[in-house]
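By written order: A, B, C and D. Residues from 1 in each chain.
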Amino acid sequence: MNMEQVKLKSLENSSAINVFKKFGILKIYLVMTGLYMVSGLIQPNYFSVDHIMQLLLISSFLGIVAIGQTLVILTGGLDLSVAYMLNLGAVIMTQVSVEHGGTIALLVMLSAGLVFGALNGIGVAYLHISPIIMTLAMGSILKSVTYVYTSGNPKGTAPEFLRFLGTGSFLGIKMAIWIWILLSIFVVVLLSKTTFGRKLYSIGTNANVSYLSGVKNNYIIILVYMLSGLFSVLAGMMLVGYYGLSYIGMGDTFLLPSIAAVVIGGTSIMGGRGGYAGSLAGAVIIYILMSITTVFDMNDAGREIIYGLVILIVLFLYSREANKR
Amino acid sequence: MNRFRDFLESVFYRRNKEAILAYVILLAILVLYSLNQNDFFSRYGSQSIFNQVITLVVASLAQTLVVLTRGIDLSIGAMIGLTNSIAATIMEPISNMVTNQWLGIIITIFIVLAVGCIAGLLNGLIIVFGRFQPIIVTLATASIFGGIALYIRPTPGGSVPYVYSEVLTGRILTFIPVSAVVLGIFIFLVWFPLRRSKLGQSIYAIGGNEYSAFVSGIKINRTKLWAYTLAGLFSACGGLLLTAQTASGDPLGSNLFTLNSIAAVVLGGTTLAGGRGGFVGAVAGASILSLVLGLLIFWGIPSFYQNAVQGLILLLALSIGVLPQLGRKLKFLKVNGKGETP
Amino acid sequence: ILVGCATKSNSFNQSEKETEKQDQKDGYKIALSNSFAGNSWRSQMLNVFDAYAQKKKDAGEIDEFYSSSSGNDPQAQINEIRNMISQGYDAIIVDASSPTALVPVLHEAVERGIVVVAFDNTVESDKVYNVNTDQVEFGRIQAEWLMEQLGGKGNILLIKGIEGIPIDEDRDKGHREVLAKYPDVKILAEGFGDYDDATTSVVINNMLSAHKSKGIDGILTQGGGENAIVEALKQHQIDPSTIPFTGEMLNGLFRHMKESNVKAFATNQPPYLSAAALDVALKVLNGENVEKNTIVPLPTADNADLDKWYVPGQPDNFYVTWTDPENTFKLELEDVLK
Amino acid sequence: MLHLADEPTNISLTPAILEISQVSKSYGGVQALIDCTFSCRKGEVHALLGENGAGKSTLVKILCGVVKPDSGTIRFKGVSTQFDSPVDASHKGIVAVFQELSLVPDLSVAENVYLGHEPKTKWGLIDFKRINKLTRQLFEELGMDISPESLVRDLSLSNQQLVEIAKALSRDPEIIIFDEATSALGTQEVKLLFSLVKRLTKQGKTIIFISHRMDELQQIVDRATVYRDSRYVSTFEWGTVTNEQIVNMIAGRDVNQTYPDKSILLDNEIALEVRDLNSSSFYGLNLQIRKGEILGIAGLQGHGQSQFLQALFGVYPARGEVRVFGKQIPLNGPKSAINSGIALVPEDRKNDGLLLTRSIKENLSLMTLDRRQNLGFIQTSKEKNAVYHAIEQLKIKTPHVEQEVGSLSGGNQQKVVIGKAILTEADILLLADPTRGIDIGTKIEVYQLIRDLADQGKSIIFYSTEIPELVGMCNRVAVFKQGRVSCILEEESITDRNIINAALGVA
């Protein structure tokens, strides 16, 4: 057998390594299942299909916010404005739809997510402001925008189509879960099969190299923050659909969990490593934990401590791979 | 003239030149204060100003140390809340137990500082020996510290001896605000010596290039442990100052110190990439963030705008440095464009 | 040079202000320092204050008013109050972010001759005037109504408010006082709903998953998560009209009563507490003798009062307390709804 | 403090100061060193030779306490020793100038030199004044002209390398290891370094010298040890063995010719034309490159050569006219440069060339992703083919395309960087020091590769700090001096001497 054939053969063998890499994802799903089993053992009713649906429904909102957060973190950034994007989206949705109808509200809301996301991206890409600070400041500004727009009290209720998205079902599965599934497939394909995904990883790994290889870093970064803004307002809209109304502070409980979900999902906070499949499980894990603490009727103190400990434990579980370097 | 040039070439200037913009903004704010704050020139005016800034300034020192090592501490607010809750819970009982108020206060201070050190050390240990990213570790420990604070003080409250509040928020020699003295201590007796110590140098070296620091014989782990421990210690100092300002404890009321301290540090010219900047800038950054909202009150602007004002100031300050470069191409290659022609 | 300039113009300003002040010696300057501002209660409370203060200003009783919200951050509110002190307000009205943390700075204000009135989230101090409802009573009447509905026995879910705040503790105390009298009532689960739909939703859904099979007869909640509760019941295929629950006097709750035939009892912390506090401040400024603690009575409603309270045009999170003119300090709905 | 007194020693008589036997080290599954032996004598310059990945740097890291050996013994000054940390090693007298620069960019030069062993004031604080003074003295003695107070980030790469050397010397070690310390240095600096090395050995210091440049070794080495495939091969007195034999020992096979034959240019078509190109580092450049030509760029470090390449690639701001096959191209970034048929192989492969934690496949195809996409989706089979093609063409040694690039040896990493550029099928390749730090065997392969590319009709601008390389490879050589082309050498006039003279401005 000649040398070149041998070489090509070994080059083909790459699937073995893919499986190995996927093991990281496997691990997180094992953790998720394990925790779910624990919750079920403590409270047998949690084994019901109803509860699983509830769990997925509740997780879907965080899961959708975590899509944007995952993309941003993969580029080596961080989006601290997701909570206020979500707020803004929710508030615009109800208030504008009362005044101008649902369609216009939808358009306004989605463009607001894209525009403010783009501003984040421009600050990070062109002004070289560190993502933490850029999005922190943007979050601050959005908070004010929301307050000023609503005088602190959003008016209006969810339009009918939103109520359907938030509470209706299709084939026995809630619409919100369907949307989540579709978006998840979309983002997983985006990351693994498209040039956009490839470029995004290359920026997260080394922006310099990426740029010198002809990647338009800035465009990609802006696009990523736009997507993050979009997904956050989308989550806001779905929450509105679910609750039927909006209020300021709706997104506050999503900020840190969105980061935690991504990290629990095995994506490196430094960028360049990871993907959405992990974050998805991360989001579910967070709500499984909440359901466990509810069973125990744990007070805030206990809940906070458990929440922190679980993040640390998950980190330790990953440490082997993460520290390979 | 020569002196000026010497100054421009001095290590102090080089280290702190990123902070200049922050001081310009601060100066502008103070001028506006002098025009709008009715009692600016009275004793109460300066006391009010120093009291407003001091806690965030101290929290920013904690954040500065960590950021310089290219880390970030998201648990600073929680540590302030924890130490604040402990102080407000134990200060009176201890004072009663030792039957001497001053002794009780001093014992409490030591306990609280020790708690801060332990919390910080814990951060450091997990980050250093687990080799995890600081941002996620401190996010987790913030939750834990917050939980512990809630156990200690399930509700805001508690109390401290009157003198404790009175002294730390009052004046000495009738016109020097104690907060100003505290600020001076933190700048001149804590920061400057620290900067000139081996530890300070190590912190900068690690932030600049960790591998280089390692092969130069810097003890990376030990330095990081120190940085996080000191961050805990200074957060505890922040907690004690907050206790004096509020005469009570609040387990969760301090969370904003985390993000504000990061904003203050960055506003003061310290980059999150580590190795560059320092506390001198953070003092200005923290003061800006604390004082600018006062202007809204003086001008009667609705408070709905206050977050936007803070955010915009932050963005403007950070953009100004970059704007001149926008026209030019950014240098990407390592051989920095500085061809020195012999 | 710069400093000299500043000094000059400032002294000019000051003297100008002094003369101004002498001109209208009798007009008071009143400030309201609010903490959190992001819900409809706070926003209506602020609107009431502004409308009421404007009325007083038009009547010449006060000269200037200003309201500001510093967020749920005691240090920020302390700074805000410091600057209000510097601004020379005659009275400062406070909805406090902490019952204790503001005490030192409020005492500073009192020492400088400023009248301080706290309301809603009041402060623990005897130098400050407090205006509030009786929150233990709040819990008591809620629980009594539910016990009546259940006939004194059954399984209930208990959804509390925000852990660690005095209002939650007081209302909870009221709940337990009543529940203690009914040994046949079993609390299947309890949790904190944080007075908002998002948190309540997670809590109630988990509770329903866990305890639905045991048969739930009622839900005792301090309020704020009414929509989430109705929604969750529907999600779990439970007819919301079969489970009586308690809540706040929100338009949404009355809408559910109307549309889904929900059985509910509502009371609430009235947003016009801010106006009541302003009244107290003015009385003190005018030298009247006022009790340190003012208790404002609680409004209540149930299905019987549906038509009296429900305002079809208003959003779910509108506090309907306004539809009763007796309570409104002679303000019209239009004054408040800007 | 360093004292450079003359104290002649007779090396061959001195006993071994450092003896290493049976040392093994593995990283995970990879054996870096297997039962390796090494020994050097006091006062000698001992070269450590070997291909990329032979284990040289690993040995250095062991000697400096950066990593610990799995087994084996180290005897230092006759005593069995182990080095626990860099500090420990430097206390015991061994200091290295590492292959990767180990400076902190935001500290001053002086602070870097004394990093880790700063002199203190009586208060126990760092004495910055003294640090600056000591550094200035040290630099004077070493003949370096660098301000101790400037920030390291503001220095050129070669000056940073000099600071690195001064930093090692400031610890006054007995054994100094130079791990490819000359790879970033220009002719002048190398000269400076060698005179320094001679003074140090006279003073009884021992030098362990790692370099892939035979011409340099020639000038200073006393003895040499060769490693191959993680194993010890042999130790010999320099001069007792011919260069060819050494190269064969390193490569493990017969290597007879370093540089491929230059082809005669048949095509006279102008591929690239530069007219009046100006920037802050070079002025009024006018150059023409023909199709299939290799144009060398020479000169002392920092005279605008690398900026010139960067400018052509659109990453260094410049004004002027650049035409590719007669068509003017914009100079606004890598993307448009690549589209106009220009590709750059940057000189710093770790920071500018490679995504170290991503796969070979991703790295190779990154520059040309947009050509293998359909509606934004990557065309996997096309990509695979291109990548396999590049791997074969460049003979990149790797088990599979999904291998992380960071785990390849330096030489193979360099091939990946070149491979990225080749895949763009650019007509004009800008090579910035493409053989930096790669071993002689690999170098020969790279030379052949460059030659082949030129023969295929690519035009190549070949910037190098190694003059023999330029002489061996180029059709023409443009010598830079103070930002201008001081002269263009052609055909027979391309000699070491002419290039150096032109670079120095000696007529």
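We adopt the following convention: a contact is a pair of C-beta atoms (placed from the backbone, for glycine too) under 8 Å apart; a residue touches a chain by one contact, two chains touch by 3 or more.
Everything numeric in this text was worked out from a predicted model, so none of it was measured.
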Touching subunit A and also subunit C, the following chains: B
A-B or A-D - the one linked by more C-beta pairs in contact: A-B
Centroid comparison with subunit B (C-alpha atoms), farthest chain: D
Rounded Å distance, subunit A centre to subunit D centre (Cα mean): 43
Where subunit A and subunit B are represented by their mean Cα positions, the distance between them in whole Å: 31
Inter-chain centre distance, subunit C versus subunit D - centres from mean C-alpha coordinates, in Å: 71
Rounded Å distance, subunit B centre to subunit C centre (Cα mean): 34
Shared-contact residues (touching 2 or more other chains) in subunit D: 315, 333, 346, 351-352
Set of subunit C residues in contact with two or more other chains: 37, 69, 163-164
Touching two or more other chains - residues of subunit B: 150, 154, 302, 304, 306, 332-333
Listing of all chain pairs that touch each other, if any do: A-B, A-C, A-D, B-C, B-D
For the subunit A and subunit B complex, residues of the former touching the latter: 78, 80, 123, 126-130, 132-134, 136-141, 143-145, 147-148, 151-152, 208, 211-212, 256, 259-260, 263, 268-270, 299-309, 311-312, 315-316, 319, 322-323
Interface residues, subunit A side, partner subunit D - complex: 4, 7-8, 10-14, 17-18, 193-196, 198-199, 201-202, 205-206, 208-216, 272-273
For the subunit C and subunit B complex, residues of the former touching the latter: 2, 6-7, 9-10, 13-14, 17, 34, 37, 66-76, 78-80, 82-88, 97-105, 112, 124, 163-166, 169
Complex contact set, residues of subunit C against subunit A: 37-40, 42-44, 46-47, 69, 163-164, 189-192, 196-199, 201-203, 205-213, 227-228, 231, 234-236, 252, 315-317, 338
Subunit C contact footprint on subunit B (complex, rising order): 31, 34-35, 37-41, 44-45, 48, 51-52, 55-56, 88, 150, 154-159, 165, 169, 242, 244-257, 290, 293-294, 296-298, 300, 302-304, 306
